[in-house]
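Have a look at this one before I ask anything.
Naming follows writing order (A, B and C), and every chain is counted from residue 1.
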Amino acid sequence: MSPVYKEVELHELSKSFNLDLKGNPSTKISGVNDIRAAGSSEIAFLFSEKGIDIAVNSKAGALVLRPEWIDKRLENRNLLLTDNPKLAMARIHCYLLDKQPEREGVSKQAFIEQSANVDSTAVIYPFVYIGKNSVIGKNVIIYPNTHIGSEVKIGDGTTIHAGCSINNDTIIGKECIIHSGTVIGSDGYGFVKDRNHNYKVPQVGRVRIGDDCEFGANNTIDRATFGETVIGNNVKTDNLVHIAHNCQIGDHCLIIAMSGVAGSTVLGENVTIAGNSAVMDHLKIGDNAIIGSQTLVIKDVPDGQVFTGYPAVDHRTWLRMTTAQQKLPELVKRVAQLEKELSSIKGSGEGSK
Amino acid sequence: MSPVYKEVELHELSKSFNLDLKGNPSTKISGVNDIRAAGSSEIAFLFSEKGIDIAVNSKAGALVLRPEWIDKRLENRNLLLTDNPKLAMARIHCYLLDKQPEREGVSKQAFIEQSANVDSTAVIYPFVYIGKNSVIGKNVIIYPNTHIGSEVKIGDGTTIHAGCSINNDTIIGKECIIHSGTVIGSDGYGFVKDRNHNYKVPQVGRVRIGDDCEFGANNTIDRATFGETVIGNNVKTDNLVHIAHNCQIGDHCLIIAMSGVAGSTVLGENVTIAGNSAVMDHLKIGDNAIIGSQTLVIKDVPDGQVFTGYPAVDHRTWLRMTTAQQKLPELVKRVAQLEKELSSIKGSGEGSK
Amino acid sequence: MSPVYKEVELHELSKSFNLDLKGNPSTKISGVNDIRAAGSSEIAFLFSEKGIDIAVNSKAGALVLRPEWIDKRLENRNLLLTDNPKLAMARIHCYLLDKQPEREGVSKQAFIEQSANVDSTAVIYPFVYIGKNSVIGKNVIIYPNTHIGSEVKIGDGTTIHAGCSINNDTIIGKECIIHSGTVIGSDGYGFVKDRNHNYKVPQVGRVRIGDDCEFGANNTIDRATFGETVIGNNVKTDNLVHIAHNCQIGDHCLIIAMSGVAGSTVLGENVTIAGNSAVMDHLKIGDNAIIGSQTLVIKDVPDGQVFTGYPAVDHRTWLRMTTAQQKLPELVKRVAQLEKELSSIKGSGEGSK
């Protein structure tokens, strides 16, 4: 379904987001679009001064940009001014989207165990299973073919897309979004090897997730061996992300596609892990740290540091190493040449004795 | 279910694929098998001259091989000759397979929203959900527990395996195969950080997929922020592949297991990405380029180039770097030795003054 | 659901696992917990001598530890003594867990094809589909939204979690656990390129899995082109693991999260592959070999070897290379300095002639 928008007048956006307005305050806006594709009822956003010509030619009903980018050619346009057009875009777009669900209530083709408690405002699609004693909050939406285990709690306003599995005992906060195919609360990976045989370590803890989190598609987040795997508030993961048992992921962390965090590792607040990276087990990644793409982290990372590499080192060191590595084949030849020359000097020196 | 084959006579294969035939043209063939396991009603394929003894001992009813590999010991056998036995294998095997579905029509245990339009020849398994206004083409097969969102279009002859989620607005072409657990059209990963808080960037574009594509199991292909994430024709992905929002993947691309392409990156035609690799965002990978295994691509790759490494460099450079790296610990010692010797020469030089 | 435990007296554990007992043999134990959180009816485990103070302060009803760690302060406690507390923990915890399923029999909301054969002791949740001629063994549990294809065999005591897809012809042994979202028996990745066009190679083999295996969430295990992809006994995979067509994985192998094994590769017995690693196709990894984290294996690995790196080399070599690489930027400067000095020596030598 194409997105459905509320209709507002421009002054409402100006007030709600505290943005200076130039032009006609009663311009009606009922959509958001890319600046090239936007029409007269849509608002569009300019993210760099270089795009000013595109803005001039845009048919958007209103434009959002930095005040210093204004140009004579924009004099007769409806403008909202901000120092952070990207942030304005995110917030205005969310504000305008009308999130009415396409269905109402609990489908007769869903299966809710009798002891489960589903709020009357929740929307449950066909082929959703909800297990014993689970509690589904207000305005929760659960799309088809998703499984909710026993003793699960889903907070108000959370949306769970199709084909997810939220296993027993998981606690999910408010206003979260979980994309399709994501598995939460499956067993952590724990085995003890004895004379080659692998014995299972039962995983009897759970997963606890804060508010305002979003998990991409086909994530896997494991329950704790004992206790809890904890995901803070406002954590956002991309697709195919793995979080192992007993991890603690601080508030506001970003984990980008195909990255994983191994068992018992603790991420501080506001950590960013770029794509295809792995953080080994039992480590501590400090607040505001950034891990580069395809990095293997094998030791703790202090607060605020940027680490990249295989294995991870300080990012500037990695850049220097990477540059040097490309000179390495030539360096091998240069060292051989030095050895030859030195040997020749020593030879002639000895010869001259 | 074991594969079901049509029965044909050998001359039919010879004509259909324009292959020279030696032996009995009316030999009946009703199966394809590995050359070691094939029986008298099956056709088998030889892929290298080294396997000629295996071919001689094979009980296959017919053999396909290159003409120059023929051996006196194969004189009395039924042979089809081709310069490309691998291609013949692919095409003959597809030709012989009888793709009759195991069920017919729409299961009563499926849930089809009233406004959806499912062709009468489509096969819909139990526990499939099809959303509002979606259109399902001729001879489409959708296996159990798959979710089709609203406003989705599935082209004729496409097969979607169990447990997939094809989200709202996705357009899929003809004769595609989507393996189990694959998610198409989930939200792209877009957040704006402001004073540590992550604000969601709504993702209101869609995914458009061409004809004759095949996606492996547990892939994730994200919808565009605005506009479209585009997959061309005849694109083939392996398992656990990730394609981010607003990517464009050209015709005939191959993306091998556990690889990902980050946001807005454009792959030309016929690009190959080997396993466990990552291509960063906003890049352009040229036509016919090849990306090696476990490679991190951080800049554009020109047409036809082979790039490997962390980060990616020209493949031959990478091979030289890799060889040199293994000499590196020894090189460090050699440089220390040179320094020592040079210092000794300088010392003796100074001493002799 | 919180874990449910049997109640036993301590002497029963002592006898069953052949562990020396100190304290009161009739102490009742009805649970297992982390040593910090355990209460008087729970048993807890000490894994290193450093934790002895924690053990002293633990409220656990019984403690398991190595005999040499016993301390005067533990004199009045109930103790079980073992040289391997981790193994004891795994085995005692499994022993105490009461695995009674939460439901009984076949849900009316499941769909079982008439020719399928489901044992009367199996538990089949709502929205499970079981295909033609499939055989489900004793005490099997299949959670919601899982798809079992045609001609599949599931051995006694196996548990398949929610949202899995076990495709046609797959054979799974006894006492296996398959976590949510895992796909077994999807097509192997086989295409032949001819003038850029990718032709599909049909995949008509199957997957055969031994006894006592456990697969993490969102794994993908592909059927063979011909014949079988074989997983031995007691193999344990973590989340997001990929095993390609025609692989053979020996008994007792461990494959950790986000790792993959490419087509036709053979793993011997008791191989360990650490996280985020890739093993290329058609290789042989010897018995008891260990592959380090984020490693790319491009050639065979002999029995018992430890390989790490990109590409993989002997682990000690990799450690030396890694250390040397960090010195590389400095080494480049040192070589330039050597060249300068040598040139100056040669110059002065020539000048002095």
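We adopt the following convention: a residue touches a chain if its C-beta (ideal position, glycine included) is under 8 Å from a C-beta of that chain, and two chains touch if they have at least 3 such contacts.
These numbers come from a predicted model, not from an experiment.
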Other chains in touch with both chain B and chain C: A
Copies chain C and chain A - interface residue numbers shared by over half, same or different: different
Superposition of chain A upon chain B: rotation angle, C-alpha, nearest 5 degrees: 120
Centre-of-Cα separation between chain C and chain A, whole angstrom: 26
Residues of chain A engaged with two or more neighbouring chains: 127, 145, 163, 181, 218, 240, 258, 276, 294, 310, 325, 328, 331, 335, 338, 342, 345
Chain B partner contacts - residues on chain A that touch it in the complex: 1-3, 32-34, 37, 84, 86-87, 89-91, 93-94, 97, 102, 107, 109, 125-127, 143-145, 161-163, 177, 179-181, 214, 216-218, 234, 236, 238-240, 251-252, 254, 256-258, 269-270, 275-276, 293-294, 310, 322, 325-326, 328-329, 331-332, 335, 338-339, 342, 345-346, 349
Touching residues (chain side chain A, partner chain C) in the complex: 111, 127, 129, 131-133, 145-147, 149-151, 163-165, 167-169, 181, 183, 186-187, 189-194, 196-202, 204, 218, 220, 222, 225-227, 240, 242, 244, 258, 260, 262, 276, 278, 280, 294, 296, 298, 310-311, 313, 317, 320-321, 323-325, 327-328, 331, 334-335, 338, 341-342, 345
